[in-house]
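We just call them A, B, C and D in the order they show up, numbering each chain from 1.
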Amino acid sequence: MNGFQHLYIPGPTNVPEPVRQAMNLPMEDMRAPDFPDFVQGLLIDLKKAYRMETGRIFVFPSSGTGAWESAIQNTLQKGDKVLMSRFGQFSLLWVDMAERLGLDVEVIDVEWGKGVPVEDYATRLAADKEHKIKAVFATQNETATGVTSDIEGVRKALDAADHPAMLFVDGVSSIASIEFEMDKWGVDLAVSGSQKGFMLPAGLGILGASKKALAANKALENAGMARCYFSFEDMIKLNDTGYFPYTPATQLLRGLRCSLDMMLETGMESIWARHKRLAEGVRAAVDAWDGCELVARGPDWHSDTVSAIYAPEGVDARDVISTAYYKYQTSLGTGLNKLMGKAFRIGHLGSLNPVMLCGAISAAEMALVDAGAKIEPGSGVAAAQAEFRATTPNVNAPVVKAA
Amino acid sequence: MNGFQHLYIPGPTNVPEPVRQAMNLPMEDMRAPDFPDFVQGLLIDLKKAYRMETGRIFVFPSSGTGAWESAIQNTLQKGDKVLMSRFGQFSLLWVDMAERLGLDVEVIDVEWGKGVPVEDYATRLAADKEHKIKAVFATQNETATGVTSDIEGVRKALDAADHPAMLFVDGVSSIASIEFEMDKWGVDLAVSGSQKGFMLPAGLGILGASKKALAANKALENAGMARCYFSFEDMIKLNDTGYFPYTPATQLLRGLRCSLDMMLETGMESIWARHKRLAEGVRAAVDAWDGCELVARGPDWHSDTVSAIYAPEGVDARDVISTAYYKYQTSLGTGLNKLMGKAFRIGHLGSLNPVMLCGAISAAEMALVDAGAKIEPGSGVAAAQAEFRATTPNVNAPVVKAA
Amino acid sequence: MNGFQHLYIPGPTNVPEPVRQAMNLPMEDMRAPDFPDFVQGLLIDLKKAYRMETGRIFVFPSSGTGAWESAIQNTLQKGDKVLMSRFGQFSLLWVDMAERLGLDVEVIDVEWGKGVPVEDYATRLAADKEHKIKAVFATQNETATGVTSDIEGVRKALDAADHPAMLFVDGVSSIASIEFEMDKWGVDLAVSGSQKGFMLPAGLGILGASKKALAANKALENAGMARCYFSFEDMIKLNDTGYFPYTPATQLLRGLRCSLDMMLETGMESIWARHKRLAEGVRAAVDAWDGCELVARGPDWHSDTVSAIYAPEGVDARDVISTAYYKYQTSLGTGLNKLMGKAFRIGHLGSLNPVMLCGAISAAEMALVDAGAKIEPGSGVAAAQAEFRATTPNVNAPVVKAA
Amino acid sequence: MNGFQHLYIPGPTNVPEPVRQAMNLPMEDMRAPDFPDFVQGLLIDLKKAYRMETGRIFVFPSSGTGAWESAIQNTLQKGDKVLMSRFGQFSLLWVDMAERLGLDVEVIDVEWGKGVPVEDYATRLAADKEHKIKAVFATQNETATGVTSDIEGVRKALDAADHPAMLFVDGVSSIASIEFEMDKWGVDLAVSGSQKGFMLPAGLGILGASKKALAANKALENAGMARCYFSFEDMIKLNDTGYFPYTPATQLLRGLRCSLDMMLETGMESIWARHKRLAEGVRAAVDAWDGCELVARGPDWHSDTVSAIYAPEGVDARDVISTAYYKYQTSLGTGLNKLMGKAFRIGHLGSLNPVMLCGAISAAEMALVDAGAKIEPGSGVAAAQAEFRATTPNVNAPVVKAA
């Protein structure tokens, strides 16, 4: 009865009320004769959110990590050389997975706060005349540092080198929130999950696969990595009939139907624009806080879905997070790995609006001050308000005038 | 998907998640053999929230207005003289009802912004040697103006005059939020509703009746005002068996069970203290806004559940409310009756916390500026933050320290 | 975890899943600028369920009993003569209310098991040359006995006598379930509630008023019975602006929007037909049970929403009900008033289907046998199945054939 | 509004109302400082449902199939010899997975309708003097045929041969419903999922691992099968801190907390007994249907969670299923693989009671007759009723007696 908990982590995100309603339901028969209509409509509409017209979408009962694994297992072989870069906890974990699954990973380590080194990629791809590199991996949005990378640039690097490597993208905290163009950018495997831009609870790993990726899978036939749960083959065979190879998470699928309907009605461009507006407000707040700064090293890297923020010198970011949680009922994102104690994060993706973020910024502000930061109280929220006042569309406002 | 709507009207209030869960249920048989256990436990616990040990609580499927009507119909007769005061839209409506139900109402009009004129009451009661006044009515919290009155003072005035009149209290927006003491203050009829401090949807009118009020009802027997739906007799007869004279709103009763459990576990004193802390934050914000001021004429009248705020000279409060609603997805309370266009209200009762109110204050602030107010952006939320930082209990905080 | 409770009382009824989802929502501002659009659309559509094109629908936060009271208070005066009939607990209570509200009631007592004595009504109306009878009351569906009366017949009696009395109908357990025609039958005041055919929780009293009833109300002006909470005047004034005179039960109104959408899409005729089909199944079961019989004295009186069933000689119906509840998790309707111990009831209105009723009939059957009835186990459900097999529409059935 | 859909497939099962309420919640921070308390309590209590005191439980965001995969990947190596048996669609799929993951599978094919060939296992284990068999797999409950196998018997066979092979059990449709004893039976890896006996939506793969299985995993170190998403190592490392290696499905975990609370309060033995009672009712119905018979070849194989039923000669089981679904709004289980068209299934596990099953049996009965079966209508439900009347505990029944 002490009010709502506030959730401003970069996923799971806040579930919109219609989606919550849609998931308040009894169980159903996933082998019902009319289930395929539902499934096939869903898979078609998911492609719209991914901006793809060919290829396929796979939906696994898993987290996004499962979809990462599926992408690798189904299209690559042990020993295949791949090009990756590492600049935060999630790109780091992806490299770790790739190595554990047996790939020969060429890793480029980048300063945390920057993202995919497109020029380096270009150089290495151009040098790989023999096309030993089978795939190039790019984390579109590094959730740990709040850094967005230039996927279109990676595509251009591949094209410039006339290189046939597949392009793998981790879009877990970007797809459905910030611009992502599967077809236009020539992405081959694009991973996301239910609990970010799709505004659902965690539990679905979503994977887009291009025709080229599907062909790579087919070429493997029964060779390649051992795979079963995440195998494309089984999923394709059953999805083509409108069913799944094992019991799907129908509650989440019904929720996804609802969130997709909302998203497609709104339009992806409009969603991306909203995320940008909201992110600008958060960044204005950070700018206003003396001694704080974004982990992202400059506007080119700014993420519109999450801001990782260095606490001022002498302030332990863990105190900020803990105070926000225990005293102000607000979940902020922790500083992961080498950012632990140094940075905290504000997630600003999914179903959000300016007043929610004024609350989040206020929580961070109060917690910062409590933790010893010498910021001017209210400075952040004032800066954010100015941004929001200037950019928030004045929906339908038939302003009532005095007689 | 544009985030949650923000509700800061003085009721309905925000429903806590456990209460919402408790109301997500199938229908049930209100004549089931084990239903009485549930009903009787509920009625006993409601008395704890009212701070009464004798007398009875009635729960009607109605709004608080229905409970007003019940109080009058069941204990007074046409032509009975009653003493009332009028200083806002709700005390005004109560007078209107009393007149329409045939009472002989002696009304004292008070400047809006002040409340029950205790001294006037004392004078008139002392002068009423023949005890023609059968009841004294007092609106504990005038929701339209954000004014809280001194009920204990009214009791003292009655006692000082040794006057037997019954004491009627409208506690719709006070009971379960700010201090209310049925027994200690000698209140005879106390009205509330489900959608305020009880943190439920609207739909239950709740009425506390003292032994004296019940005796007055009994004395009427079949005489008195015509009554059926709201009659004490029918309700007493059936409640004594654990049932109701007509189909009760079981969904709300189950929600009430949950909210009462939360309230009684927390303790009423703790709830009242929380409302005071939150209200102080809102008042600090209003103080910080140039040209704004509370409708309540001084601290004695300040309400801890709702603040009515005059917009600055030249700013139409309706623009503020409309902008908050359409642009910032935030519901603020309107200016009612003679306050229309002049004032807006922030409801701060029920399930709330500081970060929610920082959002509410930010919404009001942005809407004020958009509507032309020359306030300093961020000034209100900064002032509120200072208050909240100083007064919010640091729940369980095992602050994590750097190694 | 012992499965679902089974609810087969004649209201509250089972809430359809979409309605339940629609009520799983946060609170909202009942003075929001766009609330009127919602309210006015709802009031218009409710008229479609009532089959009325003129007049008005009132929706009170109350039970159906409140709507009864409103109908009387707003259109009649103390001492007005009215013609009523009494043949079950609910018609009995209605007479009681009319008397307590001061009407001069001419009551015709009818054997329980039969309904409105249309011929008697005709005789008395014809004899009332001076038109002293101001209103004729008819309980369309007596929920206690499972008896449906001929409202159109009452209209004809009025017309035959060229009598101007208003026609009041209690349609609480009939409207939205079995045929009801406000305009065609010339009904002036028709009462229902949310928890029956409208498939919602209890909490809304719904009242249809014809133009003639509204004119009667207007003619009273400030005279007539004291009224406030249930007054037409206040409700009309506010409803005309799209609002309510006091806080409405928005959760239920949102649920009502959903159930009305379902109802109007299906079509009222189709809903009535479904209730008939389901009722026939229950009656077939009763016929099959040795020693049991319907309280309704013949097919003309059969109710399609509830069956009251005499337990066999020597069997206490309370044992049947108690065993069904405690052993079989099934709520059956109790025998009310003089039927206590003699009869139990199966409610078969609202959101139901044949398999649900096979469960209900099985529960009754098992409980009957346990209570000592010498019925053939399974006989009732077998008879019902035969009925259901013959009459259930085979929805969309693309029957799969073996290759 | 045509009533509830009826779900009698062998999973997903019907979700109890309290569990449904518990899942109606906003998202939360899976890295919150108090999250570990929740997680660790859950993992401890899950062990009680598995009847294990040592070892570990793993909970993956996946289906049960994922837990199958995890069991194999983490404890065996490519080329390892394992002993399996195949007698239905699910044991068949498990063999398929084992082969695809590179195991050297010795499969014993058994007539569908029987289960694990314990004597054959004993023979082969005794013959395997060199202990080439690394693991023995047993499907405790073959969901496709409704056959339960003797896991304790397999244990005895292992012990008799003094064989060190690990014992893998597929308990997806048995654990938490019928007797399962992890420790007592010396099971090493036991797979289940959320959507069966745990009464939740699909989405969690649950895996119990004995100390021996964990030691086998440890012995593999970084060798063994490539694994990441389902790896024990990552899960152990994070679970030991109270967190997960990737975003867990918190909505389901909160639901699981609720269902586990219900289960442990009731007691596992009581749950098993209830499943047996309900299953006996269904089997009585099948016995009563002329021409129908269970796929399970005799009482030793009868499953208490699902009955697979041969349709009578000349009746296509698909017609039965399709008619039940489209005409009677009831989902029955399909005949899988070689049972397609020949058998249908009634799932009777999870949250169920006799009246629900009377409905399910009635649906099947009506659909059978519609599909041309010459069974006596009502015969099945009558037989089931007799069983249920005799065995249902008369909970709390303070039977009301006539005065």
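The criterion applied here is as follows: a residue touches a chain if its C-beta (ideal position, glycine included) is under 8 Å from a C-beta of that chain, and two chains touch if they have at least 3 such contacts.
Just so we're clear, the structure is a prediction, and the values are computed from it rather than from any experiment.
Set against one another, A-B and A-C show the most C-beta pairs in contact at A-B. Chain centres here are C-alpha means, and the one lying farthest from chain B is D. One inter-chain figure worth recording: chain A and chain C are separated by 53 Å, centre to centre, where each centre is the mean of the chain's CA atoms.
Averaging Cα coordinates per chain places chain A and chain B 45 Å apart. Counting only residues that touch two or more partner chains, chain B has 4, 14, 17, 20, 24, 26, 33, 322, 326, 398, 400. Contact residues on chain D toward chain B in their complex (touch as defined above): 17, 20-22, 24-26, 33, 398, 400. Taken in their complex, chain D has these residues touching chain A: 4-5, 7, 9, 11-15, 20, 23-24, 26-33, 60-66, 68-69, 78, 96-97, 100-102, 193, 195, 201-203, 222, 225-230, 245-252, 322, 325-326, 331, 333-334.
Listing the residues of chain C that touch chain D in their complex gives 1-4, 6, 14, 16-17, 24, 199, 259, 262-263, 266, 271, 274, 316, 318-319, 321-323, 326-330, 341, 350-356, 358-360, 362-363, 365-366, 369-370, 377-379, 381-383, 385-386, 388-389, 392-402.
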